[in-house]
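One structure, pasted below without further comment.
A, B, C, D, E and F are the chain letters, set down in written order, and residue numbers restart from 1 in every chain.
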């Protein structure tokens, strides 16, 4: 049996503001620059979710329909067309940098994938724009 | 002499909320759906600015350096990393749909291009996402 | 009031075979080459649907939600994950070249848009691959 | 000497149907959904072939011309404009999921690369669409 | 019968230098900036060639195989992996701006298309980079 | 604390010629093919620079503004709109294949990143075109 990684790509549109309440306004501006704009700004985020596993007799690592359903029903509605600082319970109190969003999405998605073991989440890749992206491979990486 | 169109593509990240103050909250939700989320959401907008003119002896319709400078110095700073409902004077009182943003950007850019006549702005194409874009060819179109 | 064009981009995956039953097998192979392969082949088609109209007080030419619903509910299910020679009633008896698919989709979509007059369908752009696309602007073009 | 990975990207258009002859029609529909459509459907597959090796005095890991020739002459003609269930000997009896196609292409390409040792195939990445892709790093991964 | 436009997209890699021999070195630097670098620079040009015509009984405006052959055999070899200032007879004495290259390619391609009348070349779109492109619709536009 | 990789994508346009002065002209043509064209050719290179580190209290692995400044001020001006064989001191005497450019850029960028330890450069990915790219993970990989 062969180990293969499958990736589903989704998009969501959201706004955010980088601001650390432990810092002064001047410190925030110095640290986050234009991303500290009080009214926030936004992105079309492109999310790549990668799951690894053995290829079953079906020819599939995991039924892509199941992965699509998890993302479409459980994950994307929590962030799409939302303000990441205000509208997302699992980001509450977290500065919504791309790094932190990726880690938070890992936790959300990993929990949903538990019934699909031994398939396992192996990578979250999050593009904030065509020019910036982050990759997270989990807490043990 | 040949007429050629040249296009410069730029990106900006901004947030917006679709909301018409003349309508009730229910009417706004019915009309704009998730785009009416009170805290707004955002996009990476991709802006295509097209200028037409005769090709001069330089081989150029217009010096692309000039078009890039207009956009980088006069236009993009007004919208990049901004909230389009709150931070942009030329969008004040305008519902920031892609259609309205394109028309407003046409007006801003056309004024800046006046010194470059007889080159003329002929098209603004604004992508709100990979799946949605609008095109505006000016008030006489 | 300003005329603006709005475009929605959708994708569908389908298979097809180029074969003219009025021609011999040799003539078909000479005309259509590898696209005449008896078992067919397939593409991820990218469909751009462009609607033009005046911008209403809502800031919209047409509610994008309506256009998305027409495509998602009435158009895409007829062609996505289908064999265009066998599974699509409105392509029955039509050789499914990109040109003919674009014309047929125009007819399907224009009928659905009738309730949205005076908005009007102005362009169907259909990408068969990254390297090939066709554009159709209606019977009067 | 430095180890570098070089990747060549190619495209092919093919049709397929996901169907397991060991299952009933109902089971197949439940398992594969719209991908079980009896007449099949198709994709523009994007194939990324990655070879790793030491950079030689030529400045190259492997002459890209050789890799291009292997793909253009030995690999792509077997799958481009084909029906993957019916037209491809090395997929005979294999359910043509993206996972299985990637593994089968690995085997085909690795054999062709044998004369280029110590360069070695290290990754096959196969995009079925803009939203779905798989990665395979060989039987020992 | 319906008029449809078909477009073929090709790429070529070339170098060029923007320099007008009628101007001084200082004037050239002022006019062309970094594009006047004496040793030149280069691009992956993306060329879109659009042909319009009536859809024939074959379902095709023009056999795409013919258009591909014209470009692959007659046009691309003249510019791909070339220096546009030195290696291309039809650009001799022409400052190779994107505008001038598009016009010159129009002339080359239009001549090759003559046997395919009444199909006619209607647009050359030439991308110099992801951010800059030009469009030319012929001498009568 | 979590390890995350952040990537910045930049583009530069440059020309180059593949030619080994230790070989005869015939040997060079046999080895490098059209890339040996005496007048050179060019590309729009797409450069992905990946830095790994722990996510700090700021929510960032490294301030992206710093990485952007390093690339915009110290790296891109050395290669953008240049001839890689003649204009770039750190490529002097090096055959500018994509492999060698990636290694040389690694060395330039790693030195600039030294003040940002313990963040570390982990990958340089360099696209020479849509179809060819190389990846380098450093001398210890």
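Here is the rule we go by: a contact is a pair of C-beta atoms (placed from the backbone, for glycine too) under 8 Å apart; a residue touches a chain by one contact, two chains touch by 3 or more.
Note that the coordinates shown come from a computational prediction; the quantities given were computed from them, not determined experimentally.
Colleague: Based on which chains touch which, give the shortest step count from subunit C to subunit F.
Modeller: Shortest path length, in steps: 2.
Colleague: Among the chains here, which has the CA centroid at the largest distance from subunit A's centroid?
Modeller: E
Colleague: Give a one-word verdict, same or different, on whether subunit A and subunit F use largely identical residue numbers at their interface, taking over half shared as same.
Modeller: Comparing the two copies, subunit A and subunit F contact each other through largely different residue numbers, since under half are shared.
Colleague: Round to the nearest whole Å and give the separation of the Cα centres of subunit B and subunit E.
Modeller: Their C-alpha centroids are separated by 28 Å.
Colleague: Could you tell me the distance, in whole angstrom, between the mean C-alpha positions of subunit D and subunit E?
Modeller: 34
Colleague: If you look at subunit C, which of its residues touch at least two other chains?
Modeller: In subunit C, the residues touching two or more other chains are 130.
Colleague: Please give all chain pairs that are in touch with each other.
Modeller: So the chains that touch one another pair up as A-B, A-D, A-F, B-C, B-E, C-D, C-E, D-F, E-F.
Colleague: Would you pull the subunit B residues touching subunit E in the complex into a rising list?
Modeller: Residues of subunit B touching subunit E: 2-10, 50, 55, 57-61, 63-65.
Colleague: Across the complex, what residues on subunit B touch subunit A?
Modeller: Spelled out, the residues of subunit B in touch with subunit A are 11, 13-16, 34-35, 37, 39-44, 80-83, 85-87, 129-130.
Colleague: Write out the stretch or stretches of subunit C touching subunit E in their complex.
Modeller: The contact residues of subunit C facing subunit E are 18, 20, 31, 33, 94-100, 102-103, 130-137, 139, 141.
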